[in-house]
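Dropping the structures in below, format is structure tokens.
Note that chain A is present in both complexes that follow, paired respectively with chain B and with chain C.
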Partner chain A sequence: MALVDISGLTIGFGAEETLPPVVDGVDLAIGKGEIVALVGESGSGKSMTALSIVGLLPERGKVRSGRILFEGEDLLKCGDAQLRSVRGARIGMIFQEPMTSLNPVLTIGEQLVEALIVHEKLSQAESRKRAIAMLERTGIDDAARRLRQYPHEFSGGMRQRVMIAMMMALKPALLIADEPTTALDVTIQAQILDLLRDMVRDLDTSLLLITHDMGVVAEMADRVVVMRGGKVVEEGDCTAIFAAPQADYTRRLLAAVPTLDDPPRRVGAGAFGSSVLRLETVSRSFGGGGFFFAKAPLKAVDGVSLTVRAGETLALVGESGSGKSTLGRLAMRLETVDEGRVVVAGEDITRLSGRGLRRVRRAIQMIFQDPYASLDPRFSIGRTIAEPMIVAGGADRRKIRERVGALLERAGLAAAMAGRMPHELSGGQRQRVAIARALAVNPRIIVADEPTSALDVSVQAKILDLMIELQEAEALAYLFITHDLAVVRRIAHRVAVMRKGRIVELGAAADVLERPRHPYTRSLIAAAPVPDPARRGERRHAAAEIEVPALETAGEWRAVGDEHWILA
Partner chain B sequence: MTDVTDTADAPGREERKGRTPFVVRLVRQPAGAIGLAIVVALVAIALLADQIAPYSPIKMAAGRPLTSPSFEHLLGTDEFGRDMFSRIVHGARLTLQIGLIAVGISLTVGTLIGLVAAYAGGFVEKLLMRSTDVVFSFTETLIALAFVAVLGPSLENAMIAVGIAGVPFYARTCYASALGEEGKPYFEASIAAGAGHARLLFLHLLPNVVPTMIVIATLGLSNAILAAAALSFLGLGAQPPTPEWGAMLSAGRDFFNRAPWLMLYPGLAIALTVLAFNILGDALREALDPRSKDRS
Partner chain C sequence: MLRFLGQRAAMGLLTIFVTTIAVTLLIHLVPGDPVEIMYAQSQGTTPEQIEAMRSSLGLDQPIPVQYLHFVGRLLQGDLGVTIRGQQSVAQLLLQRLPNTLALAALAMAIATLIGMPLGFLAAYKRGTLLDGVLMVTAIAGISIPHFWLGLLLLFWLAVDLGILPVAGSGPLNIVLPALTLGLSNAAIVARMTRSAMIDVMSQDFIRTAHAKGLPKSRVLRRHVLRAGLVPVVTVMGLQFAFMMGGAIVVENIFAWNGIGRLALEAIFQRDYPVIQGFILVFATTVVVVMLALDAVYALLDPRIRRS
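The block that comes next holds the complex of A and B.
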């Protein structure tokens, strides 16, 4: 008998008559020791389905019908006390955000030991011993000392290891992991997935993995359940689904996933115009000073030089903390440089201020990652897009209104949407509005900071298409900041790989992605998830073989090919 | 929040219907309707005090001193035989004035300081916020006392003093809220579009902190009324025989055992007023929020 047997599960918010269910008659079975991936885009009901198993639905969410059998018992009929003993002890849960899922005011040890005392009725000393063993098992060195540390002393990947240790210490029958690696860098992601798989295999635990990332699915799952609009559209063996998806939706979902095997954008030499953005040995440090003791400042960007030409996309790639976002903000003058010069469209904006800066900076615009925060919630769409024109002055209202309509259509939206408010729009639509706003002042270059990483893959594909189309029509340049190499492949002409504030490799996209010369670039590419179960484990071995040297102290630029340099 | 279908990410399906008027959105919420009704009633009572009150609020010996509530004196009489009902009705005028004016001063000055400090940063920020902290470290009543001492004891000065004493709290709240908004990408996008200081401050920052400030202000109203009452009690605010709820509440303390209604009714009046403004404030915030669901 299956460990978990969900049948006819229907979940809705509010009154049944008025609101359609968010989960609609879902059947799902998880066998003992099986890894099941629940796949779908946002709003598909995948998280709601999983949360209902542990009785953690949001306040207004109600199970309208169906049953959830766990070890033969219907969890929906359990009392609170019974449910609590199941939660944690028999079913563990790992969340997406490693930064917030641990209590910041308790040490790691207190949190680990607490769970063991509550659920396993172990003594303090025994719990401690078990906690240390679990931490060591998850690959954390010096576990005894680590127990006394607080969550902020751990990196994101380490915290996720702690979460896994915490859950697995109880030897649950089922582990639910909701996007466990989405917030992590690719190299860390690979390690965490490996760990997760080894742990559940060792302890014969079943794993319900909720994700939108087909690469993760291919890497992990035995069986895949694809959800859309609250319903299961396809279910089957992992290899079979990737090889021959039956449902139309699954096919489209898989097709929308960018991979490193897609053909890169290639452009013949001399195809680009003049330089629109030039960074000359810019540096920027944060921190330092300190009230009583001088703290060492952190060099976020360290002597970086770059040029972006008209009509060109330069992708800036790196892991979190590499300084790539700071570099984008320096180019925008949202941060000021400590040293070096920023030249936009031929004008040095490093020392400009006030009116002069406001005029020049219109040549460079920005698209942000979070589509929810990048529009003023109190401005209508039309007003948001009109703002740059109103600020520039000189145009009358009718003209502005016409141009807003034209820009909306340019960004693939209806002109009539000008009257809407941001909260009425989907994430993809908001990102289109952000693009329309950026285009309003006819910029020469757009800095795009992870513009698609908060979007579903199908929407991401469309936004990338739109950006490419706009670029080709108007010779726009992009400084495209991302951590996703597959996206780089879709959009970039050239790639700059950043690590700890410095660019370690720079060259044409095809060269860098296919013939990476710097070990760090090689490790990044090797770690990128491959959405193909047949190649499972490949990247793990590839990534493990690469020895990335410690930070180059005073490296020198070395040409390794045509327009292809590395810092060595 | 989209789906793979084209509909979710596709062009807008229909032209947006006109927005429901603000007042309708406010009154459609039960809290808004009740809060607004009480506040309107209070204002009406204050305006029509002369018509409503059966006796003059300051006439002594309208009845026997300290009589308990009866048909003749609905809420009894005080130690001078003044009719409590008439005093409370007239007191509504003054108390509302004090509350609104004092909160108005705190709100305006505090919001401005908070906004400017958050926006300007650097030296201006340090100067404004550190001075606010210094003022914050004294109790409000003490500050109000100091101001009245300088300005001289009168009801108007009490309002100003209470208002100024409340500034740091509003400034702090506004500052925190504005800092949060300032870090959001929409604000930076506006900078990138070349928006000037005034536009950034008053079109982007201000509207996004106003909802928080409104709620704070409705909560602060009770504070202001009580602080003014404290001043009145010390003889620095409303001068006898002026009917003012706070002063009446303080005066009633001496007779609490013999005539509990002397404290009960002014207290109830203050509580009702504060409650009404609080629930109205909550409803206001909801109605001001463009994301509120209650729209057609």
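The block that comes next holds the complex of A and C.
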């Protein structure tokens, strides 16, 4: 008998008669020791399905019908106390955001032992011993000392290890992991996935893995359940689904996933125009100074030189904290450089300010990661797009209105959208609006900071296509900031890999991605999950062999190929 | 941690320093000649008398010199003497300060004991009838002016029931003013507690705590309460500082001899040295309370403690 047997599960918010369910008649079974991936895009109902198992649906969310059998007992019929004894003890749960999932005002130790004391009635000393053992098991050194520390003293990856230790300490029969690695860097993601798999295999725990990332699915799952619009559209063995997806939706989903096997964009010599953005040994530090005491400043960007030419996409790749976003902001002069020069469209903007800076800024525009936060919720779409034109001046109302319509259509939206408000639009539509706004002043280059990271894969693919199309039509240049190497492959002509404020490798996309020469680049590529279960484990062996040296303190640029350099 | 508090203390000293400048300029900010206004009511003042008063206040000297004199005396703990009665201002303030401190402390205790549990309860029962009733009561409590609430309590407890004295300075006399201040502050504390706790209850780490299968009472006590205290403590600190400035209206209704009442009398009598002293004492109290708040934050939130 299956460990978990869900049938006919229907979940809705608010009144049954008026609001359609968010989960609609879902059947799902998880066998003992099995790893099941629940896959779907945002709004597919995958998280709601998982939360209903532990009775933690958000307020107003109600199970309308169905049954959730766990170890033969219907959890939906359990009382509060009974459900509580299952939660934690028999079913553990890990969430997406390691930065907010731990209580900031309690020590790691307090948070680790409390469940042991409640469920297993262990003494303080015994549970402490168990907590230390679990922390060590998840690869945290010096566990006894770290028990006394608070969550903010741990990095994101370390916190996720703590979460895993906390949930696995009670040896649950089922672990639910809701996007456990989505917020982490790819090298950390690889480690956490390995840890999760080893832990559940060792303790014979079943794992329900909720994710939107087909690479993670291919790496982990025995069986895959695909959800869309609250319904299960396909279910089957992991290898079978990747090899021969049955449902139309699954096929489209898989096709939209960018992979490192996609052909990179290639270019002939002399395909690009003149330089539109040139950074000359720019540096920028944060902090330091201090009111009474000197503090060491953090070098976010350290002597970086780059050129982006008309019609070219230069991808800036790196993990969080590598300084890639700061570099983008320096190029826009949203931050001022400490040292070096910023040249946009042939004009030195390093020291420009006021009117002069505003004039040059028309040549360089920006698109941000979060399309929810980057549009003013009180501005209509039309007003948002018109604003840069009004600021630039020189056009009358009717002309601006016409141009807003034309821009919307170029960004793949209907001109009539101009009257809508941001909250009426989907994430992908909002990002199109952001693109239309950037295009409003006819820029030569757009700095795009993770423009597709907050979007579902199918939407991401369309936005990337749009960006490529616009580039080809008018020789736009992009400085494309991303952590996702597969996206790089789809859009970039050249790649710059950043690490701790410096560029460690620079070259044509095909060269850098296929023949990476810097060990750090190699480790990044090896850690990226491959959406192909047949090649599972390859990455782990590959990644294990690479030794990334500690930071190059005073590296030298060395040519390793045609227009291909590394810092060594 | 110590460095953090050291920085805050330095900022506090700076605040007090700026206040001393403002206090020196205070007399000159009043339109017209302060000394003439002072004597405007009294008949038959001679120009010599006015001149004597002017020089005894040091007003015949250039402002920077006045300031240096003022700070020089201040550093020796001398705030001058009152215009009427020639009493030492510093002694007068010190004599009244304990009364105000006792009143503010008792009022704060009442506000905390009533406001925090009710706010917490309202947060826990959010959206229910109980929550609604509690919050309407709280809004009423904030809206009712002190003098009105004070008079109501006075009529009810002192006149009708006769269990408390109307005014005076016996030990029981503190109860009515403290209750008046305490109740209206309880309403503020309750509202703040409710919104802070609701904020915490929707945080991810509370979901984690539930996912661990902890009993509800334990989640509330250990995870919600402590994480939600920082904004509540902020409001309580500000209210306390405010009351230390003398709850002027309440002190007057109940004839409570605190510094608020003293300040009001001084204002009516245009007794500048007393007003100056009062402002300095008030500013210092606010700075000290803020410093104490910073220490409490650090105690409550390890992120502040270790940074």
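Everything that follows uses one rule, which is that the second predicted complex is superposed on the first by the 567 of 568 C-alpha atoms of A that agree within 3 Å, B and C clash if a C-alpha of one lies under 4 Å from a C-alpha of the other, contacts with A are read in each partner's own complex, and residues count from 1 in each chain.
In this section, contacts are C-beta pairs under 8 Å (C-beta built on N, C-alpha and C of every residue); 3 or more make two chains touch, one makes a residue touch a chain.
All values derive from a computational prediction rather than experimental measurement.
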Query = Taking the superposition as given, does A:P104 touch the first partner, chain B, the second, chain C, both, or neither?
reply = second
Review point. With the two structures laid over each other on chain A, which partner does A:T49 touch: chain B (first), chain C (second), both, or neither?
Key: neither
Q. Is A:Q191 contacted by the first partner chain B, the second partner chain C, both or neither?
A. neither
So in the superposed three-chain picture, is A:Y150 touching just chain B, just chain C, both, or none of them (first/second/both/neither)? second
With the two complexes superposed on chain A, say which partner A:H119 touches: chain B (first), chain C (second), both, or neither.
second
* To do: For A:Q160, select first, second, both or neither according to whether it touches chain B, chain C, the two together, or no partner.
  => neither
The chain contacting more residues of chain A, comparing chain B with chain C, is B
### Message
A:F95 in the overlay: touching chain B, chain C, both, or neither? Say first, second, both or neither.
### Response
second
Open item on the list: For A:R84 in the superposed arrangement: first (chain B), second (chain C), both or neither?
Closed with: second
Chain B residues touching chain A in their complex are 1-4, 8-9, 11-12, 14-16, 184-196, 199, 204, 207-208, 290-291
Listed in rising order, the residues of chain C that touch chain A in the complex are 3, 6-7, 10, 203-205, 207-216, 218, 222-223, 226-227, 300-303, 306
Per the touch rule above, chain A residues touching chain C in the complex are 54, 56, 80, 84-89, 92-93, 95, 97, 100-107, 110, 114-115, 118-119, 150, 152-153, 163, 166-167, 291-293
Chain A residues touching chain B in their complex are 41-44, 228-229, 249, 252-253, 256, 332, 334, 358-359, 361-362, 364-366, 368-370, 373-379, 384, 387-388, 391-392, 412-414, 416-417, 419-424, 426-429, 434, 437-438, 440-441, 455-456, 458-459, 462
